[in-house]
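Pasting a structure here, questions to come.
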Amino acid sequence: MAGGSAGKITVLHGPNLDRLGTREPEIYGTETLESVNREIRALAESLGYTIEIRQTNQQGEMIEHLRWADGDSVGIILNAGAWTHTSLALREAVRGLRVPAIEVHLSNVYAREPFRRTSVIEDLVAGKILGFGKESYLLAVRAIDSLHRRKTRRP
Amino acid sequence: MAGGSAGKITVLHGPNLDRLGTREPEIYGTETLESVNREIRALAESLGYTIEIRQTNQQGEMIEHLRWADGDSVGIILNAGAWTHTSLALREAVRGLRVPAIEVHLSNVYAREPFRRTSVIEDLVAGKILGFGKESYLLAVRAIDSLHRRKTRRP
Amino acid sequence: MAGGSAGKITVLHGPNLDRLGTREPEIYGTETLESVNREIRALAESLGYTIEIRQTNQQGEMIEHLRWADGDSVGIILNAGAWTHTSLALREAVRGLRVPAIEVHLSNVYAREPFRRTSVIEDLVAGKILGFGKESYLLAVRAIDSLHRRKTRRP
Amino acid sequence: MAGGSAGKITVLHGPNLDRLGTREPEIYGTETLESVNREIRALAESLGYTIEIRQTNQQGEMIEHLRWADGDSVGIILNAGAWTHTSLALREAVRGLRVPAIEVHLSNVYAREPFRRTSVIEDLVAGKILGFGKESYLLAVRAIDSLHRRKTRRP
Amino acid sequence: MAGGSAGKITVLHGPNLDRLGTREPEIYGTETLESVNREIRALAESLGYTIEIRQTNQQGEMIEHLRWADGDSVGIILNAGAWTHTSLALREAVRGLRVPAIEVHLSNVYAREPFRRTSVIEDLVAGKILGFGKESYLLAVRAIDSLHRRKTRRP
Amino acid sequence: MAGGSAGKITVLHGPNLDRLGTREPEIYGTETLESVNREIRALAESLGYTIEIRQTNQQGEMIEHLRWADGDSVGIILNAGAWTHTSLALREAVRGLRVPAIEVHLSNVYAREPFRRTSVIEDLVAGKILGFGKESYLLAVRAIDSLHRRKTRRP
Amino acid sequence: MAGGSAGKITVLHGPNLDRLGTREPEIYGTETLESVNREIRALAESLGYTIEIRQTNQQGEMIEHLRWADGDSVGIILNAGAWTHTSLALREAVRGLRVPAIEVHLSNVYAREPFRRTSVIEDLVAGKILGFGKESYLLAVRAIDSLHRRKTRRP
Amino acid sequence: MAGGSAGKITVLHGPNLDRLGTREPEIYGTETLESVNREIRALAESLGYTIEIRQTNQQGEMIEHLRWADGDSVGIILNAGAWTHTSLALREAVRGLRVPAIEVHLSNVYAREPFRRTSVIEDLVAGKILGFGKESYLLAVRAIDSLHRRKTRRP
Amino acid sequence: MAGGSAGKITVLHGPNLDRLGTREPEIYGTETLESVNREIRALAESLGYTIEIRQTNQQGEMIEHLRWADGDSVGIILNAGAWTHTSLALREAVRGLRVPAIEVHLSNVYAREPFRRTSVIEDLVAGKILGFGKESYLLAVRAIDSLHRRKTRRP
Amino acid sequence: MAGGSAGKITVLHGPNLDRLGTREPEIYGTETLESVNREIRALAESLGYTIEIRQTNQQGEMIEHLRWADGDSVGIILNAGAWTHTSLALREAVRGLRVPAIEVHLSNVYAREPFRRTSVIEDLVAGKILGFGKESYLLAVRAIDSLHRRKTRRP
Amino acid sequence: MAGGSAGKITVLHGPNLDRLGTREPEIYGTETLESVNREIRALAESLGYTIEIRQTNQQGEMIEHLRWADGDSVGIILNAGAWTHTSLALREAVRGLRVPAIEVHLSNVYAREPFRRTSVIEDLVAGKILGFGKESYLLAVRAIDSLHRRKTRRP
Amino acid sequence: MAGGSAGKITVLHGPNLDRLGTREPEIYGTETLESVNREIRALAESLGYTIEIRQTNQQGEMIEHLRWADGDSVGIILNAGAWTHTSLALREAVRGLRVPAIEVHLSNVYAREPFRRTSVIEDLVAGKILGFGKESYLLAVRAIDSLHRRKTRRP
């Protein structure tokens, strides 16, 4: 990847994720979102990508972030938090994407309340990674790298 | 980890996976199980692990493989195929495990028939990775490496 | 209707409709929202109405648009997009309206995913028109005209 | 449309609609079916179409009317009454149509009993118009006109 | 059975089957009902049976055909079309039969819409044959022949 | 009621009831419909009513019988047979009645198949009598007599 | 019936029926239970029966009344009120009866709340009469008379 | 508590509550939100508390109000309006609270539409008060006072 | 309230509440019913009411207590315990009340087993208060006081 | 256990069990409750226990028997009859017990009506024995003996 | 087809079918599997086919038989017994087949327990034949012959 | 029974039971299967029976064990583990048994996950014993002894 970025990866964090580190640490750990973001950035850059990371509690904002990311990224990593389970407006926004999105969760959502078993976007994303804490994001970075290499036929 | 293995990773493939490469290539691709296994092995060894890989069409055998793996592995990668959706006997076997298991699927099971949306083991595993083809297994190897490092506090 | 407007018609477009023309053209066509709006305006004015048209991705905004429209319009044409199917807050806002609202959809929502079969506002609107593309809006303009004439007993 | 009809529009009224004007006037109004038909005919002819209107309480008859209409009309306006909600034989007949059909209801069926929320033909028709009384039929005439113009590329 | 018929077989075709050959040929093929009937008749006669074949779009007629057939046939082959899935009146008529009836479908109804998975007569018939196109009827003729031989102990 | 009839009672029998006496005698007994009708007539006349009794296997016919009866009877006794459980078109016809209707069944429908537990007209009739064989009709005659006396304030 | 009773009829009223005449008169009327009982008694005696009538708000008491009635009555008329819908203990008591029981309701329970559509005893009784106010009981007396005559072959 | 506040109580009103007094007065009364707030404030201050009251139609805003209130209040009174029934993002925000929240509704939500029977936060709050109009809020102020006294062991 | 009682408040405790203080103290606390009753009485009297408090394990008794209370109280506080969730007989008794009843629970029933989420009386009471331990009763006393003042227009 | 009882075992029989021997002998046999009780007593005494046996048709009574038994018995054998399937008040009483209870049924409840498949106490008892007629009780006596020995560490 | 086989037909019998003739003879008859196989073989050979017949109680074995049959047969006749209703692993194996499979049952599964109404393979097979005892297999042989002739265009 | 065995009892343990003592000891205890088997054997022999005990993780094997046991045992004790809840093939095997089978579970399956509440064999066995640990098996031995004595009329 000499002399240039392999492209941009966009990471979108949904509602309440700005409280990471203080909200329910027994489930989500004590690391802050900022610290997690640093690790995501480090890995992405080590693989030759630039990265853009956004958090929002406004659903309309996430819908617009998705649209912008669709124009200038090679892949999107999406942790839509509680919106994952019911937001059809978000679903509509994901459905129109031309670049692959990956659904990510910090915790194993299947080992928690039943409502977390439903995702309204899961049939529209390329794949899903969950249960590994911040590592879920890092694996998603690698997954996008893999998808991108396959498409651009880079080794 | 100078002068020795970081431990063993066990990979278990369930029913019909021996037909990989010929069965429904539009979903599962044309690469054979053997070829996928080679890549899993290569990555695991590059990270310092030994690896054991099994495929079986006999549910009882998988139950016993799980038990054996529990005794001598640092983590288990489990693609239980169609058993994932209904086999409570398999669930019982997974529930008693002391080492972390990761549920893996080649395809995005959520974008296919409704029965694939049910997994009877998903609340018992450490995490779940799906939709990336053979890359799903490779990411799972990295996930086990990450879980193992955290536990043994290796950087 | 000599020498004055028959009243104002308000048209409200919900989330993702600003992407009309680029999002899934095989379903929604290639015409932009702007172009559709032009036709709505032309028909409304030819029938003697003034018109106000709004699009928003913010649910709170639509709730407020509804309230304002209730005060100064003779009827409301509402395409609430994905909010149609689940937003009870929107339902609350529609329930209190004093002027008739008409639910409109570009596509035949009944020929698509099952979740589109649910509308949380359909029992509160005057009527429903769907499946005719931009023509759905135009028919809705005529429907409001008809309701308004009946009420004001104009021929 | 100088020098000839733009084509024929067929209107089919289902069971109990011959009682219009006497049956539950608080829901269906006091106008008779004959009077409604006159307005439909007037509008259709003003748009350049000939029109054929049938009412029947015999399901088999409606099935045959549909078949005949399919052969010689440019569009079908269908108010199947209570058959809308359960008749799969009617559904079969609608499914095979080559010209567009439009589902029409006098009242807002979604504001009434739950069984009216089900339509076994709604995914097969071009579109659906409901809640505007006799105006529902008139809007449907315009909708067919619009569909027909688009197809024959008349302005 | 020298010098005489082994008995009469009655074949009843339900609604929309008179459109065979033109309705959805990708599912039902291009052969007409008349042509299918000719083959049924040929096989039945070659096995020593006389045959009566009826098609109707009137449910009441089918109920009466069933009653008449019950009096003078050795078996009934019944393709009730869409009535199969919901008509309890038909069920009542089938329940009282003294001769065996066989439920037949041209297409594999289980590979199509979910509503086709329900048959309100399937627990009342002797057996069920489906998915083989016109061959379904021919196999049913043989099945009745087999049932009849067993009963009359002919080899 | 000196010198004249107290009014007309209409009795409507639905599909398959013409087979009474031969169809499933273990449930419905061996008496024919004609014989049952004679007893109904005798009781009605002894109470001062004229009577009209109809049986039909054509749903459209029953809908029209209902309408006619509504015009010239003091009450309607309705055994709609299998149509009771699913026919919404019949429901529509019953809903518009101005004279009371009574739902009647020969057998105890609640002690039989589950589908018989549903009646789509039961919330629209004055009352329901079932389980007493032909006596169910006779009790219904008395019930109409009672309703009629109460209305006309005859002792 | 010269010189003796045709037998005893037992009438059991369940919970809240002692409030008849004051509780929700718009549904149950203004006549008291005592007054209704008088009419039941008069009819029964005119037909040659003795009668025993009980009301209780204690479920255990009704269970015991049923048992006693089973020993010395020719039939039981049972209005179990709200217990009808859920009491399995009552069901058990009804199931063991050797004489016929008739389920009776004052109002048309099917035209009211959904929970009233369930009866846990309806498959165990001889028949069911409902919707005619106090007349429901009177018809039930006649029904028992009819059942009893049939059994004892009295004209 | 001499010479100082017992602490702050936060009151959060959700969507459409700013229309109080004009929206559906037959359900919500004619008093405005401002007037209700005055009474809440008066009671809270009379009990020694300071009070902060917010209304918003933006869900993200309410999520952030909850977080701020968690830091500086002794209790939260929450009327989330229509969001109560479906918003999982709100649920997530409530789940992480360290101070008690009380769910409040003006009307008896259980006597209205079925969707109001579901609350996605009700298992996370300390208690629930509903049906008393503005008094619901006043009782909630007392409830927080009681919870706070118990915790700080004031009489 | 000089010179007389404002009226009587009746408090009814249902089954198992006599075990308060010993049954599951981790949920219900260690205070006895007697002690709770003392506080209720004290508050009611301080507000100028007389009070009557009853506990019963016999459902029939509670039904009768309700009727008596209806005659001589200004309001009823009802903790029906486990009967709340299924007893339709109790529902019937509550439905006929002329004075307001308030449903009260000690614990937050929504944070416990699913069956506690159903109340068969909740749509019939004036309001509902739950989750505050004995304080739930005290708030209910205040709620009745508020309802009573509003009705009698006392300040 | 020289010179004294090992403790008391309490056996509680629910509604309708006093009819044992006459009620549905094809299911419950012809032996009376008295005779069954004699065998239970004999076995219990032979194992060194005293025994108390109660039958009641009053649910409140059973709730109180449970409470008393909890104070002075080493275990409770409970056949709650039809109350097993729905009585939440009974469930509440069982939940607070400190000594083990065993759920017992004479017949195999799973081979009968579906409602018998539900037990509202089965998750609260120590174990469940059913299907062996009176032997079910005798096995339960042995089960309590076993539980008691384990606890008191007697051989 | 001169001088050679038309191809091989494979017949697979699932679990418990080896008990044919002794297991529930009132349903399955007294003929053994061996005897049924002889007739299948005779018919197949008379039509010019070779035949291979397997029975197994091991699901893994059936999966492998399917795969082998797919390679060397012109069609597969499959009676998967109880696996039909739930085995998704079997479904996976059937889905990949390149030659047509026919689902066969000895008895009319729709006239038995409800669980038999579900088949997890029925949408994947060419057709389904059931209810004719051993004749079901013989008809299936003819069906495969018909499918094969059509494909190879033999008369 | 002088000088010989009363017959053979067969005990079948299903999947994962070979892990007893190590798998989830907090639920299943620390005793091994071998030790449990010793106690079963001792009790059976003390009652005069010979015993055969099998454990298998292969469902096909259990089906065959059942068949063999049916031929040479007086009763079967069956702990089918997780197969209990879903295996219809096992159900088929149990259904054909001529000797009584008893369903046994170590733990109280009703106090655990919901899926354990379903047993596909419970309506086919003689009875069910569960919740008493190894004692469940011992009670089952006594139950078979009791059934066998009753049948052979030994005291």
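In order of appearance the chains are A, B, C, D, E, F, G, H, I, J, K and L, and numbering begins at 1 in each one.
Everything below uses one rule, namely that a residue touches a chain if its C-beta (ideal position, glycine included) is under 8 Å from a C-beta of that chain, and two chains touch if they have at least 3 such contacts.
Owing to the predicted nature of the structure, the values given are computational and were not obtained by experimental measurement.
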- Note on the structure: Co-neighbours of subunit G and subunit H resolve to I
- Query: Which is it for copies subunit G and subunit I: same residues on both faces, with over half shared, or different residues?
  - Reply: different
- Query: So which of A-B, G-I or G-J is the twin of E-K, meaning more than half of its contact pairs are the same residue numbers?
  - Reply: A-B
- Query: Roughly how many whole angstrom separate the Cα centroids of subunit H and subunit K?
  - Reply: 66
- Task: Could you grab the centroid distance between subunit C and subunit I? Build each centroid from C-alpha atoms only and quote it in angstrom.
- Result: 49
- subunit D and subunit F, separation of their C-alpha mean positions in angstrom: 34
- For subunit F, write out the residues touching at least two other chains, lowest number first. 58-59, 86
- Those chain pairs that satisfy the touch definition: A-B, A-C, A-H, B-K, B-L, C-D, C-H, D-E, D-F, E-F, E-K, F-G, G-I, G-J, H-I, I-J, J-L, K-L
- Complex contact set, residues of subunit A against subunit H: 14-16, 19, 22-24, 56-59, 81-83, 85-86, 115
- Message: For a test of understanding, state which residues of subunit G touch subunit J in their complex under the given definition.
- Response: 58-60, 63-64, 67, 86-89, 91-93, 95-96, 120
- Query: In their shared complex, at which residues does subunit K touch subunit E?
  - Reply: 108, 110-111, 119, 122-132, 135-136, 138-139, 142-143, 146-147
